[in-house]
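Two complexes, one shared chain (chain A), two partners (chain B, chain C).
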Partner chain A sequence: MEKLHFNFDTKDAISKPVHVGVVASGDLEVIFRPTDKETEVNIVTGSDGFKEVWGNVLKRFFDRYPIQANIEINDFGSTPGVVNLRLTQALEELKDEK
Partner chain B sequence: MKNSFVELHARERALSLLDANTAREIVGPLDDMISPHLEPQDIVPESDDGIVLMRGKIEGKQVLIVSIEGKFQGGGIGEVSGAKIVAALEKVLEENKNGNTIYPIIVLDTGGVRLQEANYGLLSISEIQNVVIALKKFVPVIGLVPGRVGSFGGMSITASILSYLIATNKARIALNGPEVIEQEAGVREFDSSDKDLIWDTLGTKQRQATDLVDEVVDDSVDSIKESIVNEIKAKKDAHRTENVDFYLSLLDKLDLNKKLDIDSYNKLFQSVVATEHRIPEAVVGEKEGTKSRGRLWFEKLTGIKNATSPVSTVLHAQKDGKEFIAIVPDADNKFPRVREGEVGLQEGFAVASIVNQIVAEDKDKDVKRPIVLVVDVPSQAYGYQEELIGIHVALGSSAAAYAKARQAGHPVIDFIPGDAVSGGFLAHGLQSNRMIALDDDSITIQAMSKASAARITQRTIAELEEATKHVPAMAYDIDNYEKLGALYKLVKGIGSWEATDENIDKIKELINQAIDSLDGDTSLHFRYQTEIAKSSGRKSTLQVRKLVDEEWSK
Partner chain C sequence: MVKVEPHDLLKISAINYLITDGLPQWADDIFPDSLTVVVRRSEIIDGKIPVGIRGIKREQRFAAFVLNSAVKEVITPYRLVSEKVWQNVSDDRKMLPAIKALPAVAKILQEYKWGISGSVGFELATKTNSAKMTSDLDLVWKPNSPISREDAKNLLAKLNQFGVHTDLQVIQGNNGFSLEEYSQSKSTIMMKTLSDPILVKDPWKK
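Let's turn to the complex of A and B:
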């Protein structure tokens, strides 16, 4: 298990907290929370040694969607594709007016 | 598969069953109620700890769905996850008592105790069983076992206690998983690589054939919802843990000289006629019984030398107005898997029979007889025929009997001079409202042997032992157990084998004090209320209970 921490300088405020995903094998859960501070990503991952890969996946995500949020990720060995999918799903949840 | 229920995650499962726009989650992933015990063991936690509590309506009727996430840590029950279930079900109980009918539905997809929080898992599961028994007086408690995990371990015992059990053919129900049986009893007892054998024995089809599952449904959201709706209307109760005479009669007829196969068991099951079984009090015997700490203290506390009983492993007797019950080893037992004092089929059903009898006899009395459990159970029995017949029902029967006795007002007190392990402890010990234990290094309190726990959690024994140093709930000794706060008294200075006259008097006095301390308390809440529990042992439990309380009627 490894804990990772990233910061991003993004400014698009989000309206509400959202949660998607499950900490199942090859999967992860993602929580977005609104914040007025710097965007922060805290990751707990079961697969050690992938800090650089996480950094790349997150940078691509924030380049495209510069949301300002406090993000928590609990990961149980998901691939970069799955990580990107869950992050995008969380964005979808934000749009969902329910 | 189109519209499959099994393929859904726990949260989606709960939502799929509820009427549109009625769902409200209690203590959800945004509440940050994470297990504090996983990260110290290098395990990634989940924000809901694998339990989804969803209030809502099904065809206009109020329900609470407890949905266990089988994909997170095998659906294992730890401190936070267990406390979520217990606290929410206690709310449902309170509502029903106040005339507000809410139907509890439990989606079981669980391996039972989460081995990384072993002793919390056992405590929580006994608390779940306790509240289920209380709820059944008001509403049916519906269980659904969709698969893929199924319902194993302590939660199979819980499943046996539920009013009505629905399953798909992707589910299995058993106390001990095949890998654990193979680890504990050898590959000849149960070959865990033989998938056909496993499914034929533990799968839904066989379980339905012997009344261990009440209804088999297709794996689709619609058919599962339909059967739940029907069950809410019909309010059926299988009374699965009340067939004690039937099972004791069945065990009488069992031929233990040959390995039981499924066809002959099913024929036997169909042919058995239940006859009344009453287990008489133990009497003085001529021959010394197989030595154990449990037997030693039972004999000294009751004054019965070489105590013997027609069920050689189950001793009970009245003394000083109290009923003492012990499960003991018998090296010559005809059931090979209980020769070391494990709790097997006969033990579970016999204890249930004794306790049910006590409750019936005291039914109209103002003051109910105290029941003192002498606890020395190294585990449940690990065996193939035990699983085929349904050892989870045997253990469920005795757990249910003790819970009912306590809820009826009988003080139920544990005296623990020996081991208190796993399903054995759930069946004989964990339904007590006060626990007294000896502070002796030889005592093991746990959910699984180190060899099996290491195999199931895919760690080495060395890694497992390392974890026990940081996490008291993982440990195997009584001193770490005390740190959880569940004990009424840890008795220093009396060894497990030191049943001298003076020590017997001390223990008797402590038992009396424990009974006096009850003051009408019939609950299991004492475990959260001790100083140790409040300051450290059950901190997360108490936090969960507070959150559930705050969010329940928001």
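Let's turn to the complex of A and C:
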């Protein structure tokens, strides 16, 4: 079990919280919450030793979608492909009910 | 030619039948105990079956391939159920919540085609200790027809009353999705496919 923390300087505020994903092997839960502070990502992962991979996946995501949010991720051994899909899905949920 | 699906367990005769550029130390150490790999959800290319090696820790997973001709035996998650393999487990392993729950879970799912995957399936198939006190019970399920979100919720509530979290994956051909996610979904859910996972609105649509 490892706890990871990242900050990003992004400014597109989100308007509501969203929650996607499930607690299951090879999957993850992603929660976006609105914030007026610095964008913060807190990850709890069952797979140790992947800080650099997480950093890369998140950087690519925020380069494309510079949202300002407090993000909580609970990971259960997902692949970067699944992480990307869950982040994309959370974004779509944000747009959905605007 | 053996026919295999994702989650099937394949027994091979020796570690050198694994097609890989090299194994991590933990895999070298532990793999000879079981000589069993798990079929990954990925394409079979040039007769090479994509497989995974399981270690003890969650991050100990290693991808490799095996040739069809190297497969000595296929143990499907469904066979573990039809043979009620959990009955043969030692008394101390029956104390693990994910194994202890199996007789009751089997009763709930008796009308369905279902199987046991994950660490419990691996343990039952290989007789090596791979489940832990905290392991989920990973199941695969092939329903004959779509079920409603409400029925999915009710089924999961029944399955989850034995002190262990049941993760039930609905299998559709080579694809799979989480019944829990479906039961809670408002818009899209994740469908795992032989290539990248995709988001779908209706997971039952073929």
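To be clear about the criterion, the second predicted complex is superposed on the first by the 97 of 98 C-alpha atoms of A that agree within 3 Å, B and C clash if a C-alpha of one lies under 4 Å from a C-alpha of the other, contacts with A are read in each partner's own complex, and residues count from 1 in each chain.
As a convention for this text, contacts are C-beta pairs under 8 Å (C-beta built on N, C-alpha and C of every residue); 3 or more make two chains touch, one makes a residue touch a chain.
Small disclaimer: the values here were computed from a predicted structure and weren't measured.
Asker: After the alignment on chain A, I want to confirm one thing: do chain B and chain C clash, or do they fit together?
Answerer: clash
Asker: In the superposed arrangement, which partner chain does A:Asn74 touch: chain B (first), chain C (second), both, or neither?
Answerer: So A:Asn74 only meets chain B here.
Asker: Quick one: classify A:Ala24 as touching chain B (first), chain C (second), both or neither.
Answerer: Both chain B and chain C are touched by A:Ala24.
Asker: With the two complexes superposed on chain A, say which partner A:Thr88 touches: chain B (first), chain C (second), both, or neither.
Answerer: Second partner only, chain C.
Asker: On the A-aligned overlay, A:Pro34 touches which partner chain: chain B = first, chain C = second, or both, or neither?
Answerer: A:Pro34: touches no partner chain.
Asker: Does chain B (first) or chain C (second) touch A:Val44, or do both, or does neither?
Answerer: After superposition on chain A, A:Val44 lies in contact with chain B alone.
Asker: When the two structures are laid over each other on chain A, which of chain B and chain C touches more residues of chain A?
Answerer: Per-residue touch count on chain A favours C.
Asker: Among 5-13, 419-427 or 491-499, which stretch of chain B shows C-alpha clashes with chain C in the combined arrangement?
Answerer: 5-13
Asker: Share the list of chain A residues that count as touching for chain B in one structure and for chain C in the other.
Answerer: 22-25, 27, 46, 76
Asker: Which residues of chain B touch chain A once you look at their complex with the stated criterion?
Answerer: The touching residues are 9-10, 28-30, 39, 42-47, 69, 71-72.
Asker: Along chain A, where are the residues that touch chain B in the complex?
Answerer: Per the stated touch rule, the residues are 1, 17, 19, 22-25, 27, 29, 31, 33, 44-46, 72, 74-76.
Asker: Going by the contact rule set out above, which residues of chain A touch chain C in the complex?
Answerer: So the residues of chain A in touch with chain C come to 21-27, 46-50, 76-77, 81-82, 85-86, 88-89, 92-93, 96.
Asker: Which positions of chain C touch chain A when the two form their complex?
Answerer: 57-59, 61, 118, 136, 138, 165, 167, 169, 178, 180-181, 184, 186-188, 190, 192, 196-199
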